[in-house]
Amino acid sequence: MMIQVKDLYKSFGDLQVLKDINVEVKEQEVVCVIGPSGSGKSTFLRCLNLLEEVTSGEVWIEDENIADPSVNINQLRTKVGMVFQHFNLFPHKTVLENVTIGPIKVKGEAKEKADIEAVSLLEKVGLADKANDYPRSLSGGQKQRVAIARALAMNPRVMLFDEPTSALDPELVGDVLAVMKDLAKEGMTMVVVTHEMGFAREVGDRVIFMDEGYMIEEGDPEQIFNDPQHSRTQAFLSKIL
Amino acid sequence: MMIQVKDLYKSFGDLQVLKDINVEVKEQEVVCVIGPSGSGKSTFLRCLNLLEEVTSGEVWIEDENIADPSVNINQLRTKVGMVFQHFNLFPHKTVLENVTIGPIKVKGEAKEKADIEAVSLLEKVGLADKANDYPRSLSGGQKQRVAIARALAMNPRVMLFDEPTSALDPELVGDVLAVMKDLAKEGMTMVVVTHEMGFAREVGDRVIFMDEGYMIEEGDPEQIFNDPQHSRTQAFLSKIL
Amino acid sequence: ACGDADEAEETPDENGEVEEETTEDEEATDEEETLVVATDTNYVPFEFMNEETGEMEGFDIDLIDELSDRVGFDYELEVVEFDGIVAGMGSGRYDIGIAGMTITEDRAEEFDFSIPYYDAGLILAVHEDNEDIQSIDDIDDLTVATRSGTTSEDFLHENTEANVQVYPQILEAYMDVEAGRADAAFYDVPNVRYHADTEGEELKTVGDIEQGEVYGIAFEQDSEWVEPVNEALEEMFEDGTYGDFYEEWFGDRVEEPEGESPLD
Amino acid sequence: MHDLIEHLMELTTSPHWGGVLPYLIEGIQITLYITFIGVFFGLILGIVTGLARLSKSKIIYGLATCYIEVIRGTPILVQVLFIYFALADFFGITFDHLTAGIIAIAINAGAYVAEIVRGGVASIDKGQMEAGRSIGLSSFQTMRYIIWPQALKRMIPPLGNQFIISLKDTSLFAVISTGEAVFMGRQYVATTGVYFEPYFMMGLVYLSITIPCMIILRAYERKLDV
Amino acid sequence: MHDLIEHLMELTTSPHWGGVLPYLIEGIQITLYITFIGVFFGLILGIVTGLARLSKSKIIYGLATCYIEVIRGTPILVQVLFIYFALADFFGITFDHLTAGIIAIAINAGAYVAEIVRGGVASIDKGQMEAGRSIGLSSFQTMRYIIWPQALKRMIPPLGNQFIISLKDTSLFAVISTGEAVFMGRQYVATTGVYFEPYFMMGLVYLSITIPCMIILRAYERKLDV
């Protein structure tokens, strides 16, 4: 089991944002998370790499319970890559430096080695020619692909995506999804918060529907989209499809 | 003819943003404008109510050439309502005040009369109960519906919409589109920049495809979407559909 | 001069009474004019603030009060840093300035002076432990503190090679000496003596009086008040009033200053 | 060490805390008087100049800019010396200390207020102007009803801050013998020869005004943020 | 009117423009010296305090906050009088004028720099910290390599502005006889009895430094914006 979440609760002050979450993600599995705004999708992802402290419950990544305070957070994070809705590239670093800073500073790799690996990752996302540009000169879709390369540079075991295409102009969405599909095909374990139903259908092994902090329903994409069991899922899907 | 655009050119400094645009919009017609980012869709709309000065060419709204410097801009603008991607509600005014400020300040209507009309418009967009709330307490979809009511309060002859749903969470898009459909059904003349193909298909009388400042192609929605003539239209549609 | 000795007791505020009498006396001035009299913030014992009452006191204050009665004007005191008085007299901001002000030719070009009313001079003060400085000849290249806009400042610049530091307040100059930031202070004799004797325990005077000076009351240029004030001063020298004030503030008794005005 | 503590203990019984206080209280009233009146005129001047900087007329813009740059580029001490001494000497324009102080604060604050006004208006999203225009409001009306009320709200914290700055700036009118707090405190110092307590107390008196102002401003800002 | 023009014409041939200039040039060097050294130490102090205000320790945060509030809440004139006179009188801690001036600028600028640092760091999007942490950088590393370089860039305009403010603040060290520009100009005034030209010239000398600084800063800001 790659990820195992047991009885996860998360509150901000008085506000319970995640309630009784139990999820398992197997190796190489692609899990899509859907749900209305504010339902806790992002918070759930952020708990998986400890960007948020867990209030109670257990979060196992491979053989480590990361909710345990004694865990080495920085070490853990290299195992879990994260891609954000707003890219969060480092604007003062070139595309190449964005990708190599992790390997160099965290893993202590030599710059030369890191550069070579980074270039091959950039090739993979189709942006080798932009290596020396600054993020500001890239389009949104290109930025997001760099962000993916940056996460991959740490050789993560799992990749988390938080609405990776929702800040993009429609005609730029395709390139990013294509890169994600490739990743999935290569066997990367992925948890993807997305409203791209096409992607979920085509690539997702499983879809989880969240609402108001609860995991309401999960199942295979066809079943969830065509035959949602829960009335809230039905209501939500009727709005967005 | 409600709108007649002849040989419209628009430049920002050296940058030609609109080139040789010729469009006619008949009364009660709903025209959708699509095209990649930066193609000049917004600029085109903004030329229709003089938020941008026209560089050359003619723009007739009913029987007035608004590109003529002698035209009374404020008067003209009451004939053309505009709805923006980011709503642009007035945050320091209540929902009701947002809707009534135009009639009161521009048309000199009495507050009582304006209030009554505003409430009936808010009912139409389903937000009568929010009349005394401030915009900050509304969801994006609600904000956009208020913005529509605000534009309608001036009794415009034409409504312009600039990507009215693209800043909305997916589950909130439906309500706004529903209001727009109602408007169209009532016979409002509308020009809508949108990527919502479902809306364009269902409501649009005509679709215009723009790219790099040119009107590349126009036609009825089914024809444009299913059988685009121009290669650029094909390329664009293949990406977003 | 219209005031008489009886009214010397009157405070300037109670001018109703005085007013009546002047109207009887003279038609030209039916009301006593209120003159703006600038005085120094702190120049012991000529003018300084009584910390309990907040009122200004001192030799100059007694003098101007008496003069106002004798000459017949009303006045309003403005308490100003010394350099501000010199500047203000020059630009006509004040009618009268009384601040232990030395009569100099330079100043006399900008405004008028009364006859001399006090014999002063400048002297050096050093820390009581200082044996190195015995006279003005020893201060070249040393740091000497004094007060801005005063004749001491001019003297130091013109006659010595000292590194001159000036402060708005003379106490701050003395403090520099006591704190070891300055080697000496240089200033008017009566003030230096006063501080060396009383509170400035760590100060002592050295050397001779460097420059004989006389103090005069300053008037706006071509002021109508110079003559009557001079006359009243002469009267006070004669009738002992000046001597009484002098004794009160300086201990010994002097009936009349002897110094010559440099303007004569 | 022991000496030091004993020395410090003396402070507790020093008569000078109480002694200087009446002086400072008298002075701070003048400080506040100058500040309020000065800032009031500074506000008017600043709003006019700030709007002038949004003007399309090159001349108006240029004049406003000159004024702002000259004032912001020179110390207020130089400004007040110029107003008080140079104008009197050269043109015979003599203001008394209070007036000179008020003029200096007004002119000085005016330049900073102008920048606050310009910045406040510029900080309002362009979409607001477009939305106002699009429903037919004239550009003056949009300014008046839409932009200005929003800008004003954002201008309050920097304006409050400017008030605090001006309050502190009045301290240097001591050089022209305006009887504000520092001058009054120095009077006491000059009479008593005691420095520590009066200057310490002077700081406290200022803090007793500025700290509450800062707290209120910060609370307001926090409210604005949400 | 005619008189006025004649009077003004006299200015063109006045010997005092040239007369005061050497004084001012000597003074402005000291002004710059104090400002540079003072602001340099102020920067260090401010960075330390600014980061201290981001600290989680209540004590460190409290101390830093106290320092900042006290300094920002009192006039720098009071601060310098305290440093120069009160400390000497009460504790026998005597600094010479230059040192006292530098200390006053450093302590004063430090408090404002601290706020600039805090604000600069806070202005960096939270997503940057998250992105840094998510690739495994420690929070110190993220600060060092990701947040700080970006914050620094944004801090440059307000820091430059603080430099200008500190430059102007040195003017009031005239009261402790520091031979900076205002003091030197006043020396000339005291000897000549002429006020207009020296004070006018004084303004120009300051402008000759501050205006270029402001222009450079504005150009830099414009570059930042795009």
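A, B, C, D and E label the chains in the order they appear, each numbered from 1.
Here, contacts are C-beta pairs under 8 Å (C-beta built on N, C-alpha and C of every residue); 3 or more make two chains touch, one makes a residue touch a chain.
Predicted, not measured: the structure shown is a model, and the values here were computed from it.
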Third chains touching both chain E and chain A: none
Starting at chain C, fewest touch steps before arriving at chain D: 1
Chains touching both chain A and chain D: B, E
Most extensive contact between chains (C-beta pair count): D-E
Rounded Å distance, chain B centre to chain C centre (Cα mean): 82
Intercentroid distance (Cα basis), chain E paired with chain C, Å: 39
Geometric centre distance via CA averages, chain E-chain D, whole Å: 17
Multi-chain contact residues (two or more partners), chain C: 87, 90-91, 168, 175
Chain E: positions in contact with at least two other chains: 85, 88-89, 175, 186, 195
Chains that touch, pairwise: A-B, A-E, B-D, C-D, C-E, D-E
Residue ranges of chain A touching chain E (in the complex, touch as defined): 49, 51, 73-75, 77-78, 80-82, 84, 86, 88-92, 101-102, 105-107, 147, 150-151, 153-154
Residue ranges of chain C touching chain D (in the complex, touch as defined): 41-42, 48-51, 54, 78-81, 84, 87-88, 90-93, 168-169, 171, 175, 199-200
Of all residues in chain D, those that touch chain E in their complex: 4, 7, 69-70, 72-79, 81-82, 85-91, 164, 168-169, 171-172, 174-175, 182, 186, 189, 194-196, 199-200, 202-203, 206-207, 210-211, 214
Chain B-facing residues of chain A, complex: 36-37, 169-174, 195, 236, 239-240
Residue ranges of chain D touching chain C (in the complex, touch as defined): 19, 22-23, 26, 85, 88-89, 92, 94, 96, 175-177, 179, 186-193, 195
